[in-house]
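Next, two complexes with chain A in common: one pairs it with chain B, the other with chain C.
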Partner chain A sequence: MSPLATSPPVSGTGEGAAHDLLPSPKVETARMVGLYVVSVGVALGVIAVLVLAVGHAPGSVFTALYQGSVATPGALGRTLDDTIPVILVALGTLVAVRAGMFNIGQTGQLVFGAVCAAFIALKVHGPGPLVLILALVCGLAGGAVWAGLAALLYAWRRINVVISTLLLTYVATQVLDYLVSSQRFLEEPSSSPIGALPQSAILPANVDLPHPGAYPSFGVSLGIVIALVIFGAFAVLMARSPWGMRLRMVGANPTAARRFGIRVAAVAGGALVISGALAGLAGSIMLTGEVYRITGGFANTFGNDGLLAALVCRDRPGWLLPVSFVFGVIRSGGNYFLSTGVPDYLALVLRGLLVLALVFPPVYLERREWARRLKAARVLVLRGSRAVAEKGSVS
Partner chain B sequence: MSVSGDTSIIISGIIAESAPLLFAATGEYTAERAGTMNISITAMMLAGTYSGIAFATLAGNLVVGLVAGVAAGLLVAAIHANFSHRLAANTFVVGLTLDALVLGVTDYFSTAFKPGAAKFTPVSVPLLSRIPALGTSLFEQPWPLYLLFLIVPAVWWIVQRTTWGLEVRACGENPGAADATGIRVNVRRRQALYLCGVLSGLGGAFLSLCIVGTFNFDMTAGVGFVVIAAVIFGGWTLRGAVLGALLFGSMSAMGLVLPALGASVNPQLLLALPYLAALLAMVFLAKSHRAPRALAQPFSRGVS
Partner chain C sequence: MSIDGTADLSRIAESTRTPRPSREEGGGIRSSSDVRVELENVTKRFGPVVACRGVSLAVRQGEVHGLLGENGAGKTTLMKVLIGLVPGDGGEVRLGGRPVVVKDPVHAAALGLAMAQQHFSLVERLKVWENVALAHRGKMGRREATRAIGEIGERYGLTADANARVEDLTMGQRQRVELLKCLSLKPGVLILDEPTSVLTKAESRELFSVLRQVVQVDGLAVVLISHKLDEVLEVTDVVTIMRDGSVVAELRTAEADAHRLAKAMVGREVLLQADMAAVGLLDEEAARAASEAPAGSAGTAPTAGTAPSASVPAQPAPALRLVGVSARGPDGRLVLDELSIEVAAGEIVGIAGVDGNGQAAIGEVMSGILSVEAGTIEVAGREVAPRAASLMRAGVAVIPEDRHASGCVLRMSVEENLVAAELDVFRGRTGLLDKKAIRARALELIANFDITCPSPQVPMSALSGGNQQRVVLARELSRDPRVVIAVQPTRGLDVGAIEYVSEQLRAAAANGAGILLVSSELDELVALAHRVAVIHGGRIIGEMTRGRIDVERLGLLMGGRVA
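Presenting the complex of A and B:
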């Protein structure tokens, strides 16, 4: 499953052949940019038509998106708050994918991490900062444990990680639902109105993550610092450390990695656990820095946003921050839709179309590139066989 | 309430909960055997529910609705198949995106055009429907239900006994070897996914046209993943998938019926059971529950 972009060109060809087979980087970049412009344009065009069809001005959706996400300092703060979990989840996913472990259960790991953090924040009484740190650490550990279950099943029974993480996600969601709807665990003790969805109590103010500034003016939780520091640390570790090298070797060719003396299962399982830990941390930062209480719908597709962000920029890890920010923009802008009269389900459509538009150009160019190389190789083979035929048969 | 009345309610409940799962699980089985871990199945079913009931009320004809549901499922499958098995886009990106996209699109359309109510009336099979206790619940059902008795054996025969099926299974096990023998792997995977779209769309249309009778927002929430759990639980055999769908359908029917009969049951445990059962089946039946080896792995010629 090595990414096409890093695969060597068809080997065993002469000098002229290499020239035929390699694409020119400048042309490729120009094409890629052009294709991105076209496909994003098509996605936005479709949205405009859909908005027009239900009787709104087509521009209103883009105005709402802009105003709700980056136009005012307060909106930008909210966007950044919404970007934090996406960055952390996406970063973990990239680490796991590097090692060839396809974790698609981020939602479950995020939820289980948040559950652990909520238990600490609500049940442990002590000095605020201490409890906060304990909650974050437990959230991290909770996510790690949930992903660790999948890693154990893989080590023990070779159960495909894709399958186990997917199944465990739905188990985690039900665990959360059970805990928040039972008074013995997380449900708010005061009687809530009948018919309301069960929820936990609001976290005590002294265990909240510091959040300088509040909505009308710019403000973002301290989580952004945590996320960026972790991102920087992993960027360096993955690019420069022996561990990063091992990770890449295991992902690229586990058999060769084993021959080199790398403990493949430990590295791959470790990457999966790290991915879960970061998702759990993302959940606990959401809980202590933005939402302040846990409910059945707590995950709110943040796990999937992170997964999508990671897979969109899988071959270009440098894009992780901007792509995560785009997800934050769509979310905070989408939340703003209703207040401007634009139906909010259009945010779902917009997000879906934009992801497809971001996915399309690289895979399309890859396919074209491979078709071109195969054709060029075929021409070379034909030319070679013709030359052999002209020289007479080989003895 | 009489005992036969109770059984009849329970069996009707089980059928209502399992039938959509059965249609979709048959499709998902085919797609997974070809190597696609198809998580856009929720989207396919949801598209089928809306399109089915919308076209049925528009045309005033239920069969048109059924066909429209199939077409909608096929459309979602076509997007997924061409993104992941023509271009090599990651199947989970496409699947998750389609799930959200179709949720938004059906919401959009159901606001723009709110479909009315339309429902197949039960057809009673002569003689059989008069069997005491079981008759009315088993043999007095809307006729599309009986399509299952045609579709499930047909799909089994196609996948297990035809050349096409053999090629599909080869693509799921070892796409490299399949390619070397001249099978066009991505073509077969696309075709298997189209079949999955058709059956899931039918399952969705069955849900809205035969069971509920109206369209509700996000009415297939979670159903698609129960279908995937059923295929895993069944160890990637059609027999197992059908068994899983029946079992999980019965579980959710019990969740509705038991409280009415005065028994208490933990709803969260009931909802988590399909996934736990699928996991446990994989852990304890590891020998027979082997996933297709190339499940969820993309295939491109020239790269291994």
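Presenting the complex of A and C:
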């Protein structure tokens, strides 16, 4: 089992009451694999039909997906570059979920982190590595602050985190739009041609994240090392540290956690802040390691990819790295669809289908579990225990 | 013994079922047609644990059938199999002679099987009538539900306010609602899983008069699970005793007595609290302790304490002193009203009172989860901030009333729950948790506190009700606390376990802890406490020492009359 997977495989907010009613984890895993075969098969089938319908050969699309993602060393490098932010965002999401905080504002936190990093990288002059480190740290802090706002609202008035983080994302993208279209702040001074989207200047080359190797040969930014080290550290902390255990207690039973002397608001809010920090770091690594300039569309759905990856491996944290990699594959391979001549709107649809195939099985199983719990709850409201209806268990 | 309300109740003659005017006396022969439900050879496994192994049980109509057994014996599981809440692994269920497969509790309800669960099945946020309506799966509106509550209430003398929210009710009232809900389904078989563990004596008596009526007048068959031997003797006709998943004895109640039942259950002689109270063990012990030496050595606690605070300083400061403590519940009501009390080191002070007079609040304040409005808490002469962490650091251990909901984390493992309150002790040199030490500690506590569980890694939710409580007890008592606040500590425990807890509390006191024992069991208070104080409306309104407990005066005090 993965180091993160110390909690029992029952997910969601209901307590273990439905335990008796659930299939064992082994059955569940087998079912999950089966569902994946089906869902990916269906997605590929639909893709083939769609591609045929617009008059192209389906085979060429699949080849493109493969060629563009893993077939060549260069493509593999790009895929890994695309995997980095997904790992970080998904990891943060899982940390927050453990404490019962459903952060869905990763995009906003990523954007705000990247904005902070861009300010440092563009406005601070000094030795490159120093500025780079400062930019990454500020990016991390920016994401933390952005999530911290939601954490404060939660601690202060128990404002629902789902809502506050979501709304803060809109604010963050507005802030970004304003900053990159204002010469006083981030907009490229040498003014872009009329009609082009506003963007910042390119970062000075000496503050770029080292990127050993370059396309077409294998190359990946140093961000991958950062992401893996952070993942490893969190895996250990979540599984082995008192903090990790407190986190789970707060998520599973806040009242009991309070009895054990745990400061629930601090732990839960802290988890949210960590989640934001990791998203902010993801944004700054994207900025300094891959994109090199910030634009209105900077987030490029990386925040959502991370969120979806976390959704896929919520109960199986060990899957986080491979799942993130698959998201990278879909993204970098999906960019190659255009090379086969399919129209760009269709390329987006195809990518969406693949993501859907990836997310469907766990979500389906979870929904089914909820349906089962709902039934169990009805049943238990009838005879059973307060447990499922509220929390607790049958005994 | 007189039964309140029987006269009134017998007036109501009409019944939906064939009335059975009286039980046959003397345990004579019954025709098999009397058998309502029959379980044959029922087996249920949870992984390696066999919760029920080939259990056969016949419940007859017009009978209260007691089901006894130690914690984890498989009583709840057997009943869950019967109502289809968990699928059985083998065996047969027969209803009125015909084999049936009970698919789920909804199906069971349709077949006339109703069960009131050990930890209730009420939605706390909803009102009483809404809970009753839910049991009818939305086929009942507000008016019908209210009417049903009124009718059943009148018929059985079970009154409940249909518009009250369940969360505002005391445990006793909730139990009444749970029962109302079951009865509203007009079942043929009523299963009650430890209904009286949260009831006061008077409430239990009320319940029993209802039970008598449903079996005698309405001809229902009742299964009653209980750990309280005296009430089993009082109300049941037949008793089946389970141990370790099997039936070890079945006997007519008329032929049984408390010691025989206890012995059959536990497999050895048990010292019942009632005996302790009668024998005056405590006085003997106190005398011995006094003659032996000052504090400290009398303890026989099996715990390998981690932070020995055992040596009691010969200081005059009481272990615990509450001065004018006031607190408000979530609804703004004053639940503790300038409560003051002192507990000396080595002393056990009992708190008696009618449920809902601030007992639970004492536990919550001492756990730091209910904030204190006024007053101070002193532990061993030093004032302690009323926050969870400070109280814990000062050596306060709390066995909360609502163990199930807030005393443990059901989704986490048994071992994690056992060490949850002292994580820092298990921090290794690297700052990470020392898993090996945690495992060792868990195994030690599981052995010492006789917790039945397949392994320390299973989630708490897989333990039987009584074993979940043992986990909480083990965690709290093993920390060598200075002060123990035990709120209904034996609720839901079997007789053997009660004996054990009694020993543990005494040992903790002998080790110099001050113990505040909140209990609605008079026997328990008399058996354990040096002094009994009575709480009413959130304040202490009277007190008596052990030697001169006057039950009548106690009753008056509990009712709020200063006598």
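By our rule, the second predicted complex is superposed on the first by the 311 of 395 C-alpha atoms of A that agree within 3 Å, B and C clash if a C-alpha of one lies under 4 Å from a C-alpha of the other, contacts with A are read in each partner's own complex, and residues count from 1 in each chain.
Criterion: contacts are C-beta pairs under 8 Å (C-beta built on N, C-alpha and C of every residue); 3 or more make two chains touch, one makes a residue touch a chain.
Just so it is clear, the structure is predicted and the values come from calculations on it, not from any experiment.
Engineer: With the two complexes superposed on chain A, say which partner A:Tyr170 touches: chain B (first), chain C (second), both, or neither.
Structural biologist: The first partner, chain B, only.
Engineer: Considering only touches as defined above, state whether A:Arg240 meets chain B (first), chain C (second), both or neither.
Structural biologist: Touch status of A:Arg240: second partner only.
Engineer: Answer with first, second, both or neither: which of chain B and chain C does A:Val312 touch in the superposed model?
Structural biologist: It touches chain B, and chain C stays clear.
Engineer: Of the two partner chains, chain B (first) and chain C (second), which one does A:Arg259 touch, if any: first, second, both, or neither?
Structural biologist: second
Engineer: Can A:Arg248 be said to touch chain B (first), chain C (second), both, or neither?
Structural biologist: second
Engineer: Could you let me know whether more residues of chain A are touched by chain B or by chain C?
Structural biologist: B
Engineer: Applying the document's definition of touch, where does A:Phe218 land relative to chain B and chain C: first, second, both, or neither?
Structural biologist: A:Phe218: touches no partner chain.
Engineer: Where on chain A do the contacts from chain B and from chain C line up?
Structural biologist: 7, 10
Engineer: Residue numbers of chain B touching chain A in their complex, please.
Structural biologist: Interface residues on the chain B side: 37, 39, 83, 86-90, 92-94, 96-98, 100-101, 103-105, 107-108, 111-112, 222, 225, 228-229, 232, 266, 268-269, 271-272, 274-276, 278-279, 282-283, 286, 291, 295-298, 300-303.
Engineer: What residues on chain A touch chain B, complex-wise?
Structural biologist: Going by the criterion above, the answer is residues 1-2, 4, 7, 10, 50, 53-54, 102, 104, 153, 156-160, 162-164, 166-168, 170-171, 174-175, 177-178, 181, 301, 304, 307-308, 311-312, 314, 343, 345-353, 355-356, 359-360, 363-364, 366-367, 370, 373-374.
Engineer: Can you list the chain A residues touching chain C in their complex?
Structural biologist: 7-8, 10, 15-17, 19-21, 236, 240-242, 245-246, 248-249, 252-253, 255-263, 378-387, 389-395
Engineer: Along chain C, where are the residues that touch chain A in the complex?
Structural biologist: 76, 80, 83, 85-86, 104-106, 108-109, 114-115, 117-125, 131, 134-135, 137, 367-369, 388-389, 391-392, 398, 400, 404-413, 416, 420-421, 423-424, 426-427, 431-433, 435, 459-465, 468
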